[in-house]
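Worksheet: one structure, shown below.
Think of it as A, B, C and D in the order they're written, each chain with its own count starting at 1.
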Amino acid sequence: MELGLIGLGKMGGNMRERIRRAGHTVIGYDRNPDVADVHSIDELVNQLEGPRVVWVMVPSGVPTQITIDELAELLSPGDIVVDGGNSRWTDDEIHAEQLNAKGIGFVDCGVSGGVWGLDNGYALMYGGSADHVARVQPIFDALKPEAGGGAVHAGKVGAGHFAKMVHNGIEYAMMQAYAEGWELLEKVDSVTDVREVLRSWQEGTVIRSWLLDLAVRALDEDEHLGKLRGYAEDSGEGRWTVEAAIDNAVPLPAITASLFARFASRQEDSPQMKMVAALRNQFGGHAVESNEK
Amino acid sequence: MELGLIGLGKMGGNMRERIRRAGHTVIGYDRNPDVADVHSIDELVNQLEGPRVVWVMVPSGVPTQITIDELAELLSPGDIVVDGGNSRWTDDEIHAEQLNAKGIGFVDCGVSGGVWGLDNGYALMYGGSADHVARVQPIFDALKPEAGGGAVHAGKVGAGHFAKMVHNGIEYAMMQAYAEGWELLEKVDSVTDVREVLRSWQEGTVIRSWLLDLAVRALDEDEHLGKLRGYAEDSGEGRWTVEAAIDNAVPLPAITASLFARFASRQEDSPQMKMVAALRNQFGGHAVESNEK
Amino acid sequence: MELGLIGLGKMGGNMRERIRRAGHTVIGYDRNPDVADVHSIDELVNQLEGPRVVWVMVPSGVPTQITIDELAELLSPGDIVVDGGNSRWTDDEIHAEQLNAKGIGFVDCGVSGGVWGLDNGYALMYGGSADHVARVQPIFDALKPEAGGGAVHAGKVGAGHFAKMVHNGIEYAMMQAYAEGWELLEKVDSVTDVREVLRSWQEGTVIRSWLLDLAVRALDEDEHLGKLRGYAEDSGEGRWTVEAAIDNAVPLPAITASLFARFASRQEDSPQMKMVAALRNQFGGHAVESNEK
Amino acid sequence: MELGLIGLGKMGGNMRERIRRAGHTVIGYDRNPDVADVHSIDELVNQLEGPRVVWVMVPSGVPTQITIDELAELLSPGDIVVDGGNSRWTDDEIHAEQLNAKGIGFVDCGVSGGVWGLDNGYALMYGGSADHVARVQPIFDALKPEAGGGAVHAGKVGAGHFAKMVHNGIEYAMMQAYAEGWELLEKVDSVTDVREVLRSWQEGTVIRSWLLDLAVRALDEDEHLGKLRGYAEDSGEGRWTVEAAIDNAVPLPAITASLFARFASRQEDSPQMKMVAALRNQFGGHAVESNEK
């Protein structure tokens, strides 16, 4: 089939390639003319034969909103928009209503797979009506891993991004789990080869996983990670997972601890620990460390 | 080679079978005569030709101590004891000294694999001198997964159990991570098929793992886990991991949160939340729930 | 001065009394005619001489919105509305704009003090322009503790509710702190009189506080809190505090742990711990507890 | 009465002064001859008339053990040793047995009050037999606050240090609670005077406390704590509290979070966050920050 694809960055570019390998036609647009097949979204829409399917793969928030606004003007009734970016699930219903008002269908799709997706396939979680999903199914089939699995119709509009968001929340806590264990092993003297301990865990253990494989890979490149700073960004989904948990009164202690560890990793100096230090000094005359030299 | 194996429970029984499949001779002792090959540890020691290797696979703490005390009396200089149970790593150095004083070697070995180990192989983390480890190597080779990996000489005495302990700490947080995500998905209405979402994660995602495979397996047996109580034991290693972290001033927020979630799961009613309820009532006149009907 | 007061519940009723004791005139409206001075908000507005100050003391969310909508219609340019309820700080700017569009001023005010406020005074945190705050100052002075302190102009519109929200977040963690310590003391055998330990802490310790006084008071009524269930509601501010922290990338581990402990206290059975139990059973053959009898 | 006091540091020196002010005789020994009344523990023991009471106020662990060993040699049956230092409660029973074997009594006593104790009195939590405690009572009465309260016979030997340890665990979480809230207030723009918000909380609020008074005092000295580093030591009791909780399967999420925040505050760079950064880079090609310039 024919697909319009807007956004050809690290993810979108590889996805175009994988879909083409499966024999489909992809017309891609990106603000960067070096990677784009057409010069504008308008041109992209015009080149596609109706009824069209246009996949949006741009950053969440304002860029996605602008793109959907433009598509709402350019597309025709019966066309379908897929939001494959990392949009907050609460945006999906708004986008669906905006497009449905013009007779345009909407499917939200969370995509996992990172830089490995081109060859291994992408995991896909999508939400929307059965009709709309069926229209996009050949593309989902092209993107997902050949092994089977890796794709799910999670529920109604918003369910795809919600499932992907929770996936990322779990990912935060799993990364934190390995990281905590690794730090403890590195700290003690009795364990003399931490990297080989992690390598041994790749087979036969309860904690074997793809993330563990990546941890070993990282240690093979830099045995004690001495080249890195202990600094980790977060990309939105972890925050939204905790917010969704709060909305639903679900306790998420491990996932939230993982998010907060990232926040703390980005602080040059911790304001709250200044206050703790100040209080210790006030009541106990405990020494404090000064920023003044 | 020839191995004496003490303790033929869920783990030890399968390990005897796997070692025998690899062509070694195993003389097994257990308090349960139905599964034992000999009637006493004395008989086990006498049937083995020296220099002997005796693998202890009994519960940690007192049972392991009693067994090692008996072996210290019965074995000869040049023999080796392997503690393959879940002993606390701090016990290992004590056991090594006790046995070394009589010329007997000691190797500690953490074993992972559960009920799947017989066919898939066991992951092994062991500590001790290179000489002692070399003597046990054929048994390690028999137990570990055929795929390669799955076995590591982690360091000096104690390092094996330490590495296994950290493995279990990580395991706690990974289980908690999936469990938190699953609860959140189950809670919202938009995601209509949570089990299929987890199934889809088994391929192509960042969070694919053996534990995730088991989660899907559990949901296939009981889609919403309605037959289970939200009650989880802990077996020592999680606690010791947190204690080791405290000794080393390493923050373990996600692993500790997972341990505490298990503690809380076993309380019929939470004393601390009674106090929170009492305080809310004291200052705000907030309603409390009573145990009195 | 003259004040219109809408909402005469547990808080509003006592506040009317305290303001009157200070010599001001209060015209109170409540849906409950037994406590109201007038039959409608319309009547309340008509009885006040302009320029008017009307204090809204109703539940946050829809009730507050409806009341402000009605006041926006009934009041005149130069009048002022004070929202003294537990509104989310993000609502304040919306309400200010809505009212300012008609020339009506807006001040947000967080109020603390619970059932003790009538006699001890209320702590007040308010936000808004200096002009608007000055107009309400005599009422603030009447409500606040006589001892001095207890009232602050925290900043622009929204700052009052934000400060009160953070106050409540801190309150959650302080209550949790005492509750955790109390549970641990109750658990061990060596400490034979836990209540007297807490009583002793009321003087000379680092942790003496009003909340501790209330804890002792609660234990004097019910020494081991045996009459209570370990069940605690949360009233919004704790959730909003964590959400504000996430928006600002501020780690709040203790406050968030306290919020999650309340969520967990309200679950009859923990879904996430079902999943942990299921996973333990899958890999280790560990026994599970069943809901089936 | 007459008291021997060993250890005249920041705490012990002030305690000697306060006990003397109450009319008792104190013979003090310290390794620092500038503050000591006698030149040796031997001399101290000889100058006291029997039956003696000797209060040990030296750092926990080895210094306390050495002192008690020496006293066990020098004292006579019927004498009493009080350990007023910050010993781990598990040491108390060992010390009691060691001394009781020679007919010497033992009382453990946790002391709170810091640099404020001289004038305000010290909070005292003590454990031991009723007989032994009665012998020390005049000294407890001299040390405790005049207001009443502030002293408790918490239970048998060890109960005093256990109660003090829990006190400190609660203290950690309370300090963390204020610190978290303060950081959040400092972070947002709408709250223009954070210090005045905290000052206002000192009266009429639910969270008023002595620690809050100290927080305001610290902010009066340095409004944004800009002179301090966010670096906080921990002194043992916090760790022991968490260990005691683990031994007793009591969840302590807020106290433990506070302890871990201190651990993290002392790390120049977080090893675990290096691993998180490495994993993000591995699967997503996310940028990492380098230590290499």
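Here is the rule we use: contacts are C-beta pairs under 8 Å (C-beta built on N, C-alpha and C of every residue); 3 or more make two chains touch, one makes a residue touch a chain.
Here the structure is a predicted model, which means the values were calculated and not measured.
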{"item": "Farthest chain (mean CA position) relative to chain B", "value": "C"}
{"item": "From the options A-C, A-B or B-D, the pair that copies C-D, where over half of the contact pairs coincide", "value": "A-B"}
{"item": "Shared interface numbering between chain D and chain A [over half = same, under half = different]", "value": "same"}
{"item": "Mean-CA-position distance for chain D and chain B (Å)", "value": "37"}
{"item": "Centre distance in Å when chain B and chain C are each reduced to the mean of their C-alpha atoms", "value": "46"}
{"item": "Rounded Å distance, chain A centre to chain B centre (Cα mean)", "value": "33"}
{"item": "For chain C, residues that touch 2 or more chains besides their own", "value": "114, 176, 178, 180, 183, 187, 206, 211, 250-253, 257, 260-261, 264, 272, 283"}
{"item": "Chain B residues within the chain A interface of the complex", "value": "89, 112-114, 117, 120-125, 127, 144-145, 147-159, 162-163, 166-171, 173-174, 176-178, 180-181, 183-185, 187-188, 190-193, 196-197, 199-212, 241, 244-245, 248, 250-255, 257-258, 260-261"}
{"item": "Chain D-facing residues of chain B, complex", "value": "206, 239, 242-243, 246, 249-253, 256-257, 259-261, 263-264, 266, 272, 283"}
{"item": "Partner chain D, residues of chain A touching it in the complex", "value": "10, 114-116, 175-176, 178-180, 182-183, 186-187, 211, 214-215, 217-218, 222, 225-233, 253, 257, 261-262, 264-265, 267, 269-286, 288-292"}
